[in-house]
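Structure below; questions to follow.
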């Protein structure tokens, strides 16, 4: 059962993370995950116009974070403990990117999710990531 | 397009890897992946009767390997260069395990796949893994 | 401060994990880690006589586990939650392998260590791994 | 043998990556690695003043990249194919961060390095990462 819908997740992002909120928009919440769109800015790009690795990492990270919050409510204190990411193909310059995140485990202490990052217009995945979050005791 | 079907993958496994072939059975091949079943033996178990971490790793590893071979044919020389695995839940003692592997990238030099390991009788995933294989130049 | 020395770690291994204990020998314990030697058996080998990936994984896994126990005492219940491994070079056939593990974090709930696997006779590393263990509440 | 020293690596960073160069300074080059200092800006911080996960990722990524360039010369085309990172402790707000990167493998097609991120003033590591880069054929 989800605790937060698309509108609440976007509001939370704006309040808790004003520095990065303009980059990301949640556009779907399902039973086991979320979809987050990256709105690239100049600072995200590398020579050739492709989105940088750290930006893809940030997109994957926020997507799993929001997938957790969708289930347990607006708890700002979950922290990433581990991440693994495979960069599969270079994103094209003018492409919006979509992170499709799903929760694989939501335990009392740890949550694990994985993410595929795909071009908005379709096609093979650009990156794959998996992330572990530690959930603080009081929220368990 | 696949180059090897279920029967050919199982034959290849027996010929090329006789030491581990009895542990694994390919049971499905699709356009983008394979399903491999682990047949646990005493040596795979840990105290409490659960399947060991290295055995789950071996299952994920062989599943992505076979997903690559299904697409490029019986090339024994692809080697794992990187693997990342999340252990999500303890497998129950008497449970058959199924690895659902899909190829995310099949390039000339690198192939990347991910895997969910689930109990045969259904239920939440027990482990998640992603693996990169280096493909030798002559087979590219 | 360490709680277990080389002799006690080897005894623990034999009692708690009789199935794998013959494969591994702890040979050094320091303030921040351990050294574990793999004694390869036929079952660990692949075509060409090299040690298999899952065997290297098992070696890295047990080395970090023992590095944790060396510090917190003989607690059999810590479980691996995440592992990442890079296979750098093929081990030569007749080479003993040494895992050099060090603890990077020993928290109440999570411990993280990394490992270099090197040939006994010296030379560049064969594999690198990092592992996270979840430590059960009662032992914290 | 290194091909680029501290001054040349810093110049390369400014020319090839003007958007991120102000954040990073190379301060040491050795036979097997480099040290890179992060100069945090407002955009790198999260609530509480700690440096964000994606910023730590970017620091680890650039450090291994520069460790490779130090050895093979100013080749702008190596690309990250895989990264794994463990976040061990929260960085304190006003702390400069140092990435200590070492190359574990420098092959014709793949290079692998790992990184410890530590506070400038000393103390236990804040993060650990390992990264794989694909090296384009013409530079091999």
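Things to note:
Letters A, B, C and D mark the chains in the order given here, with residues in each chain numbered from 1 onward.
Here is the rule we use: a residue touches a chain if its C-beta (ideal position, glycine included) is under 8 Å from a C-beta of that chain, and two chains touch if they have at least 3 such contacts.
No experiment lies behind these values; they were computed from the predicted model shown.
The chain with its Cα centroid farthest from the Cα centroid of chain B is D. Note: centroid distance chain B to chain D, computed from Cα atoms, is 33 Å.
Between the CA-based centres of chain B and chain C the separation comes to 23 Å, rounded to the whole angstrom.
Taking each chain's centre as the mean of its C-alpha atoms, chain A lies 27 Å from chain B. Residues of chain A in contact with at least two other chains: 81-82, 84, 86, 132. Chain-to-chain contact here is organised exhaustively, every possible pair of chains being in touch. Within the complex, the chain A residues that touch chain C are 81-82, 84, 109-110, 132, 134. Chain contact summary for the complex, chain B toward chain A: residues 84, 86, 88-89, 104-105, 112, 114, 116, 124-125, 128, 130, 132.
If you check the complex, the residues on chain A that touch chain D are 16-17, 19-20, 42-43, 45-47, 52-55, 57-58, 61, 76, 79-87, 90.
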